[in-house]
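Structures incoming, each one as structure tokens.
What follows is a pair of complexes built around chain A, which joins chain B in one and chain C in the other.
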Partner chain A sequence: MTHLFKSEKVQYLCTCGSLKPLCRTYFCRHCLALKCGECVFHEVDILYCSNCLENVPPGEARVKKNQCSECFECPVCDQLLLTRATNIQIPSAEDSSKLVPKKMFYLVCGFCRWTTREAGLPDQPSATGSWPDSDNVNSVRVGALLEHYRSLAQLDKFEKEQKRQLKRRSNYLSFTADKYSLSALAARKRSGLPFAGSLGMKKETPQIYKVEPAVASEETDDALDPDIFTKVLTLSNVTTIDQRIRQPERQPVKSEDLIPIHKFLSVRRSQRCRFCEHNLSKPEYNPSSIKFKIHLGAFYHVPDVIIYRLARDDMQLRLCNRSQYPTHVRLLSLDQFALIAHSKIDELERSCGEAEKEKKSASSMVGHELCESPATQAANLKSCLRNAFKEKVNVVLQLPNEPILLPARDDLAEYELTAPQNLKEDPKAVLWRKGNKVVISAPLTVIDDELEDKRTGFVFEFGAVRAGFETKEVQPQPTNVYIPVFISLGKI
Partner chain B sequence: MELEDTLFSTSEYVQTHTGNKVSRQSTLCGSQNIILNGKNIIMGESMIRGDLANVRMGQYCILSKQSVIRPPFKKFAKGVAFFPLHVGDHVFIGENTVVNAAVVGSYVYIGKNCVIGRRCILKDCCMIADDTVLPPETVVSPFTIYSGSPGHCVEELPEAMQDLMIDYTKSFYQHYIPDKDVSGVNPINLVTRK
Partner chain C sequence: MDSLTLSTAKIANGAIVCCECDLQGDITIGSRTVIHPRAKIIALSGPIIIGENNIIEEQVQIINSSETTMVIGNNNVFEVDCHVESKFIGDNNIVESKAFVGRQTSLSNGCVIGAKCEVLVAETLQEGSLFYGAGSDVKRRVQSDKPSAQGAQIEFLSKVLPNYHRIRKPLG
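Now for the complex of A and B:
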């Protein structure tokens, strides 16, 4: 299974310079560049409990300390606690001499068989919502400290506001006092009296919440029990460090003090491009859904390369296009790419100079204008070139010269029997074609035999349509995108 | 790497008209309760316990050798009842695994030597790594990888997991071909039952 997505064999070079497999990258359709998990913003989109798969709104999550109210975890092995019921006989409400069965509930761990009875917690009459929460011994003191610092922060804010108001007003008064006969105000300010009629500003300064300073003492609460030196220690009665840290408020030392922990909420993230701030991936609201509202994974926009067959002097690569548009792909060697990139950079820098004459600065451009500007494109190409040449390559590929057509993804194509005709292709280069997949031949030449691990690289040139321009009348023109790809061949 | 062709001996496998490739050495108990939706591969020495409850598997599912699919049970005051087991499409189950789950979603990869506890719920697009033990009634949320004994969520899967599993199971199925009979006779036997 590792070859599915953890495979380190074929890796794409991201704009930040790191190599990632294709399924772990995103393709920003505004910047027309590859972004990996390290160069995008990750934002928390949905908070949900991984057991009951219930969405929790962020405000409620903060109140409940990011924990689910219904689901519990075993304090010993961190697995889900299951609710079991027993029947006990209790005297009925009407007639105290008759015994009526009543259901009582307790929690049990499915893996290590820990139960709430071991902690001494009594069975609860209702299945949900009645288990006691862990009590925090220090909650009163921590609450008092928080109040104190909150009041200090408010005082700071108040003083800042005052300073700002005074600064503004001082300039105003000094320049205009005599002109507009505001000398009374100027006189008040000079004498240091507070400004009268202060437009809704609070007149009282906020009070500081007083808290008693902590007193240091030599004795600590969690001193080691002197019995440890005299009695035999049973390790099963003592909690492990992991178990202790999982309940930081209580940190029980003995196993019998462990109580069930509320399950922590899981997070679904959405990703955003750092440069143009467009969303790259946004999941659905429902946590059990596998669909996405926005899904700009590189897997669906950039052609995929897999090693089809590998031999000592020959390699076959399979290219697959999973996007909705057909595209022409050219595989360039790193030197060819360098030549093309240099000429493009010169061209873009020339048009950069012309844009400056029109008085458009980078700071005034926003969104797709920024992505499209010649300065940005030139900078991107330069960094791509620099990163591509940092990678060491010791095998050279003989790549086909002409562009290869990769048809668009068509789910019905697998039921079609006829292959697309009218394609003038070199039969030696393109070996096999089916639907949106093409196998090409790429003979190898090892240039440096010293290292056992052989690596090779090439640059994909394919056409991509920039987002934001799709209108019904005009078909958007695809722009060429260059993505370096590096393949580790291992030992051949 | 592209998968190599895996050949199976024609005498060992039976191919139905819906494209299921079932090994003769596998044990399908209660086959009238087992529904295989098409293009599934049931490899040798595996077992599907349809005699306990209904088992339904979607398309392009692969059950590797020596694995067991067993519907879960629930204890009631008056006895024990077995619940049906539903497996979604494009599911790969590794060798020597015991699946006791209540529901296995679609596009799931289960590694080898795993034990999926009873009444577990595996949602779509999740992965269970090799040698994992999932305690009973665990819910595995989408796009997570569970590993270890007991199973914990260790990693997140890429968003393209659905397409990756579709590609993997389809190419596995297409490369699982019979070796030709010596006499050149069509080696695929057709049977009318599913």
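Now for the complex of A and C:
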């Protein structure tokens, strides 16, 4: 399936070194770097049922084993079960000889037409909430084992707490007790008696919940039916392994024992930058809403590069700026980028040395300071250089040298008929300009003809505004961000 | 448009066969069968006999490419865009949308061929068997609930279709 923007041909290099199309990356406005799905923290935001769109708080979800109470899945084919009603005639409550219609409900799968009647479950009088739950044969034993291990864990914790108190206490006492005559406690310690409940510690140690050890036996519950050797097996009566494992508590062997399964809850996640811990993507609380509270997709902040035309020796690229700020873009070849990067790294390391004189260590800086500190920026540039040169490139582009202005995205520009501003631009480099889109020409030179698939790369330099500085008086100054872009040209 | 050519289909009284459907060859259609426009029933070499109370929806292709007779029973439903070449189809079957039933398969009674399933297996299907899944990854099972009759649907179609489409005149 093709996608309008998810081109696998033009890929951006993320800070972790992986190549991703632009629409699959986020742009952290504090670090001013691209982050992809692999280098962000994924956190569980809310749990919800994808059918009834019901929000479930995490505590309640744990009790209900992460399952929705109202929605069911077909045990045969794993699709959603629909509720259907039939009318049956039953004697009415007042007059037992008269028959009144009553609605009875049963569940049916839309895909494989499995119904609850096949499991032998009777039709329910109410549409929701009255389907019987599967009973776990081993629940009593599992509960006893859980209690036992929980009490063991509590005992461990108590002992550790005691040891810690002892250790801490002993240091404290040795320094201060004799000096300030906290003699009662010191006396108790010398005499070896355990501590009294002066710190709120319980007097009695937690008891271990006793559980009967399991006894091994030769016969198992789920032995194979001896009829399998004598009678012909009808495959439609036997469950498949998938169907059996989907209900691990019961694991029914016969098809008629399959009962509807509660639907599992889905997770909405939010993404967070690993470095500066700012949120990159945070959805709304309401499960049926598709909007985001915070949505820092790179698509809306980083200019987009698309192959406009491609020939044997000429390529035209279209750059599109979808952010709110106009930006100046420069396309650098990898060698030019290396030169600029090295000089910047030297400059940053020099200022890094000066910052150290003010005794600011990396661990004490948080948030803005961490992202902006020269040490961080130098490290980022170094890793970017290293990752960029790992990619193999066999076609070289001749890129325009001057910075190209990309205006901000303006939704009203479609309706304005004014001509674009007069800019001094090389007409051979910038071929076409409309609103926030620019087409530039980049002639190709193949340097290595061995491989059929040609790849080229360049580094995108554009100005981005660092977050956290927007005040009304001062117009934020854009800082230069360098992102390597690699284009696979295929066979040309 | 087939309304200009003389078709040789024998349409019983009470059958609703739209003019825009494509009938070729020796076809017999039973009464109260509804054939939607754009259906294709092509009896290339051998005749096709369609029973009563069937519903054949749009884009359905029922093709008989062998020389023996193809028999379709009563109360069947052929949903949109299914492709049937099977020689023998019994009663009360449902062939869902975009399904394909091959030449060597025969459906007995009460079978359901799920949407987009390709059934090419060379056997007569057991009563009430059901195929589901997609494309070639088709699974089968036997269902106990028989598909319900389509009487209400046929009545409704018999009243509504003539208002919007030209109907072929039944012969005899």
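Things to note:
The rule we apply is simple: the second predicted complex is superposed on the first by the 482 of 492 C-alpha atoms of A that agree within 3 Å, B and C clash if a C-alpha of one lies under 4 Å from a C-alpha of the other, contacts with A are read in each partner's own complex, and residues count from 1 in each chain.
Methods note: contacts are C-beta pairs under 8 Å (C-beta built on N, C-alpha and C of every residue); 3 or more make two chains touch, one makes a residue touch a chain.
This one's a predicted model, so the numbers in the text were calculated from it and none came from an experiment.
Of the two partner chains, neither chain B nor chain C is touched by A:241. The partner of chain A that touches more of its residues, comparing chain B with chain C, is B. After overlaying the two complexes on the shared chain, residue contacts for A:82 are found with chain B alone; chain C is out of touch.
Look at A:53: by the touch rule set out above, it reaches chain B but stays clear of chain C. When the two structures are aligned on the shared chain, A:288 is found in touch with chain B, with no touch to chain C. With both structures placed on the common chain, the touch criterion links A:412 to neither chain B nor chain C. Contact with chain B, but none with chain C, is seen for A:9 once the two complexes are overlaid on the shared chain. Judged by the touch definition given at the top, the superposed model places A:111 against both chain B and chain C. Shared contact residues of chain A, touching chain B in one structure and chain C in the other: 77, 111. On the side of chain C, the complex with chain A involves touching residues 112, 114, 129-130, 132, 139-145.
Residues of chain A that touch chain C in their complex: 76-77, 111-115, 117-118, 236, 255. Contacts from chain B toward chain A in the complex involve residues 1-2, 92, 107, 109, 111, 117, 123-125, 127, 133, 135-139, 141-144, 150, 152-153, 157-164, 168. Remark: chain A residues 1, 3-5, 7, 9, 23-24, 48, 50-53, 77-80, 82, 109-111, 266, 281, 287-290, 292, 295, 297, 299-300, 306-310, 318, 322 touch chain B in the complex.
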